[in-house]
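Some structures are shown below for you to check.
After this come two complexes, each holding chain A, first together with chain B and then together with chain C.
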Partner chain A sequence: MRVTFPHLGNAYIAVESLLRGLGHEPVTPPPTNRRTLERGSFHSPAELCLPFKIALGNMLDGLDQGADCVLMIGGWGPCRLGYYAEIQRLLLEAVGRDVEFITLEVPRGIYSRYWNHFRRLTSGARLGHVLRGARLAWAKLNAVEALENLALQTRPRETQHAMTTQFLKRQLDLVRRAASLKEVEDVLHSARQGFLQLRESGSGQGWPLRLGVVGEIYTVVEPLANLNLEERLGNLGVEVVRTISLAGWVTDHIFKKALGCDITAPLRRLAAGYLRGFVGGHGLETIARSAALAKERVDGIVHILPLSCMPEVVAKGILPAVSRDHQIPVLSLVVDEHTAECGFQTRLEAFVDFVQRRVGQRVGQKQACLPWS
Partner chain B sequence: MGSVSTNFVLLDGQGGGSAVLWKKYLRTQGAPLAVLKTGLRLMSESGNWQICGVGATGSGRELAGVVLGADLVKNEITAHAAAALSVDGSVSTILEIGGQDSKLIILRDGVVVDFAMNTVCAAGTGSFLDQQAHRLGISIEEFGALALRSKNPVRIAGRCTVFAESDMVHKQQMGVDIADIAAGLCAAMVRNFLSGLAKGRELLPLIFFQGGVAANAGMRRFFSEALQQPLYVPEHHEVMGAIGAALLAKEAVGGGTRRTRFLGLDKILHSQVTTQVFECGRCPNCCEISEVWRDGAFLASWGARCGRQGRADQSG
Partner chain C sequence: MPLKAFVGHVRFLARQGLGLLWVPQVISLVRGEYTCPNLLGLPDLVRQYVSPSVRLLTPVLDARRGKRQLDRGYLSWGLQFAALPRVLRAWQKACVVQRSWEEEQGRGHPAGSALTILLLGPGYLVDDAYLNGNLQRKLQELGVAVVRADLPDAVTVPACRYLTKRPYWTTTRRALGALEHFRRTVDGVISIAPFGCGAEAMQGVLVNQRLRGANLPYLELYVDEHSSPVGLHTRLEAFCDLLERKKSG
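Right, the complex of A and B next:
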């Protein structure tokens, strides 16, 4: 089958390997841009969230490139993601794109349906190939995130504007082309050195601010949805601390859930006093991670959510209490296809300024602790 | 440089004070470059000034910063807080309503500890009042006085500006006095501001009300009624953002010890600046790039994620 799938940050690099291992031809949609969003929004009900619209745009682009099947993730719980695949299938059908949908989700209820999806995806593939593909995909996913994290650390310290972004792009291309675990490892190894060379030498102007980013997973990970939040913050001299990782999501939501683990237990512990249980999506995670970040050496938290996202609206209502109790500033940003860059940038700049001034008062004590100052 | 107005102030560079020597409030009217020139011309006609430093703020700060050669480009929140603190160091709350944004800034002991800006929706900003005054056929300057005359403000749905407008039309058709409608509108905007930005925040005195909308006596009345305490509207409330930018610029040039990057009045007034916005097609990012040119020579551009062609990087 020629399989297309919606983008989620740079996850396509791993998904391609996975599909090849399964004996399918991956049809990666062209990188997400404004046009993808416009296309997706045009065919979507207005009240659905931004991730739905961008994903639909990706699917349409992928089908244009000759795909005959769509791979999508599903789920269950209060977040609407659970029925997105089905709605997208119907919307595509309505515009004459009657294609097969394979939805990956953790079984609940009718097992035969999952089994059929699974069989459809793995049919005709040799077990050895599948395992090798899966291992390579897993290595690539971890490598992609390692590279992204290195970029987050390098950007606020880079000597020349946008060098980090360009270097990251080249390294991601190399990971994408890597055909073996060894090659992935090599790219990662040389990239570590490369990132170091982009940094200004010496201690420079002291420590950059560190801001944690929490929120709904798609808007946190997908640069088009969050208007390049990580890059914007990096260019303002901020080191972004990610709390959401795709590899972590796969571990929790696919491996652990399939094994019957209760993945919310550690989160509930962290969120104790604020939120007792699962509210869908990443709502509980947002509160739990924010409380955890507050205890780490993080200067502030940026919370990002798509307009009309119920789980994050719950979290948004609770965050002021976390902020007050832990004395940590929180900025909530709501995005949808109408979000204007100008206002977005102003809010970020103002927040960074405000955190900078706040931290500036503590700098005296902080520097006194440094062994070399 | 804001969406509705572009404001100019000259601060005395000498000493630690912040005396306003000259100020001008001009309507941007969608022509930021032209209004920038007009303002500078008026300034040069008002006296023989020596410019030691320049700061730019507002939604057009990047553009203004490039065209003028500003020493500092800063967001509005920081600028407003700096200006208010220069007036009174004990200010604890700043309400600011501008053309596109409304802001609430909370300070304690002279430090910003929290701020909020309208999210998602711009209901209840200056532009809306502007439009509605126009629709009622009264100037925005009279609008506040009119609202003050009202004995019975009507209740107007203020959640959404479009619905507020239909509600207003409806009340007009019912024969409600225009003063009561104007007052109702002010009250709705105050409700909107407080429910949107102030929820869960403690608004302690001293409260400053600044921005163009602070000129509106109706808004002042309903804010102080809702907050049950007096508001303080600073003398130069309509240009507080500009004052803040100027103060921060003064800091940026070390109080005049460092040379300013200002290009000079002559150069700016006698050159032609043009802008161009286009979508870059070099990669699938399709960035929207803005370029600024002076007399056919490239000045700056921004919007490119890859950093190509450089960027107007003067912030911070």
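Right, the complex of A and C next:
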């Protein structure tokens, strides 16, 4: 089968390997861009959230490239993500794109459907092949994440503007092309050296500001949805501390949930006093991680959510209390398809300025540079 | 928006100087389903807006694992105040009242009007004349009989079987079940939802898909704190005109 799937940050690198292992041909949609979003929003109801629209755009792009099947994740609420696939199938059907959807979720209800999906996915694949593909995919997912984290640390310390982003792009491409675990390991190893070389040398640099990013997973990891938030902050001389990792999400929500573990217990402990339990999506995570970040050496928190995201609205209402109790500045950014870059940048700059003034001038702080300077 | 209204009520009550406030955490009312995520965090959200001296009474109502768990939620909450026999007596009394109310709901099917409309929407909006811009009253003035989507789960769950995946929000599932049930007897469908309601956006797609072949007009209304009843009424009038014209051929 020629299988397409929506983007989630750089996860496509791992998904491609997984699908090849299963004996399918991955049809990776072109990198998410403005046009993807416009296409997706055109076919979706206005009230749906940004991730839904981008994902739909990705699917349309993928189908244009000749895919005959869509791979999507599902779930059982209360976040809307769990029902995405159903609605997207109906919307595609309405525009005459009657395609097969394979939804990955914990089976419930009619089991024969899941069995059929499973058979479709695994038919014609040898077990050894599948396992090798899965291992490679997992290694790639971890490698991608390690690279992205290195970039986050390097960007505020880089000597030349935008070098880190370029370097990261090259390394991600190498990971994507890697065909074995050994190759992935090699790329990671050389990339570590490469990132070190991009940094400013000398020890008198002091520390850049550190801002934690929390929020809804899609808007945190997808650069188009958050208008390159991480890159923007990095260019303003801020080290971004990510609290959401894709590999962690896969472990928690697929493996641990399938085994019946309670993944919310540690989060509930962290969020104690603010939120008593699960509210769907990443609402609890947002509160828990914010409280945890506030106790670490982090100077501020940026909270990002798509407009009308149900769980994050709750989190947004409670975050001011976290901010008050822990004396930590919090900026909540709501994004949708109408978010303008200028206003976004202005708010980030103002927040960074504010945090910088608050923690006092640090030695050797990289100047928050204007785009034209 | 209903959250804002709720917080408004809470603050009004808190200003009256009361010390106890009943804000349940409604996680789920039916096995395997959820209410709205905003309700899940409601007590914690309300906590931010009232002074610490106000005590919140928060029973946890969670039926994700079945009705027994839900009942246990009520009872264990009751045990905070009284001994078990008394709690059980109160619980039985409450059950009786609830059942008689439910039976009453099922009966009144209005007839005799020219037009019948199925009104979908969450109870806090459909029943709140201020929040919905006096919607029900306006429909009455237009001579339209309104059918509410309050049907027992025994009807709506089987009615939703045609969907490949059962919606996991109780309100959405009930609305779709009611739509299935009344599809052949009503002249039009109106849904009302607060702006930014997540489940409603998806429900709209499902309703549209179901009504596409059925030749049944569908009006989606969204309200928020900026909407004016005048615009709403114009749309209602236009919609009813359309229904009348359609009916008279």
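Convention: the second predicted complex is superposed on the first by the 353 of 373 C-alpha atoms of A that agree within 3 Å, B and C clash if a C-alpha of one lies under 4 Å from a C-alpha of the other, contacts with A are read in each partner's own complex, and residues count from 1 in each chain.
Methods note: a contact is a pair of C-beta atoms (placed from the backbone, for glycine too) under 8 Å apart; a residue touches a chain by one contact, two chains touch by 3 or more.
Quick caveat: nothing in here was measured; it's all calculated off a predicted structure.
Asks: Counting residues of chain A in contact, which comes out ahead: chain B or chain C?
Replies: Of chain B and chain C, C contacts more residues of chain A.
Asks: Regarding the shared-chain residue A:Arg358, is it in contact with chain B (first), chain C (second), both, or neither?
Replies: So A:Arg358 only meets chain B here.
Asks: Identify the partner contact of A:Leu121: answer first if only chain B is touched, second if only chain C is, both if each is, neither if none is.
Replies: Once the two structures are laid over each other on A, A:Leu121 reaches no partner at all.
Asks: Looking at the overlay, what does A:Arg113 touch: chain B (first), chain C (second), both, or neither?
Replies: Touch status of A:Arg113: second partner only.
Asks: Is A:Pro320 in contact with chain B, with chain C, with both, or with neither (first, second, both, neither)?
Replies: both
Asks: Who does A:Leu307 touch here: chain B (first), chain C (second), both, or neither?
Replies: In the superposition, A:Leu307 touches chain B and chain C alike.
Asks: Go through the superposed model and pick first if A:Glu86 touches only chain B, second if only chain C, both, or neither.
Replies: second
Asks: Contact-wise, after the overlay, does A:Leu141 reach chain B, chain C, both or neither (first, second, both, neither)?
Replies: Neither chain B nor chain C is touched by A:Leu141.
Asks: Does chain B (first) or chain C (second) touch A:Leu236, or do both, or does neither?
Replies: The first partner, chain B, only.
Asks: For A:Cys49, is the partner it touches chain B (first), chain C (second), both, or none of the two (neither)?
Replies: second
Asks: Shared contact residues on chain A for chain B and chain C?
Replies: Residues common to the chain A contacts of chain C and of chain B are 307, 320, listed in rising order.
Asks: Using the touch rule from the top, collect the residues of chain B that touch chain A in their complex.
Replies: 59, 74-78, 100-101, 111-115, 117, 119-120, 200, 283-286, 288, 304-308, 310-311, 313, 315-316
Asks: Which residues of chain A touch chain C in their complex?
Replies: 45-49, 74, 76-80, 82-83, 86-87, 90-91, 94, 108-110, 113, 274-281, 283, 307-311, 313-315, 317-318, 320-321
Asks: In their complex, what parts of chain C are in touch with chain A?
Replies: Touching chain A from chain C are residues 3, 25, 27, 32-38, 40-41, 43-45, 47-48, 163-169, 195-202, 204-206, 209, 222.
Asks: Which of the residues in chain A end up touching chain B in this complex?
Replies: 30-31, 33-35, 161-163, 165-166, 228, 231, 236-237, 307, 320, 329, 332-334, 336, 342-343, 346-347, 349-351, 353-354, 357-358, 361
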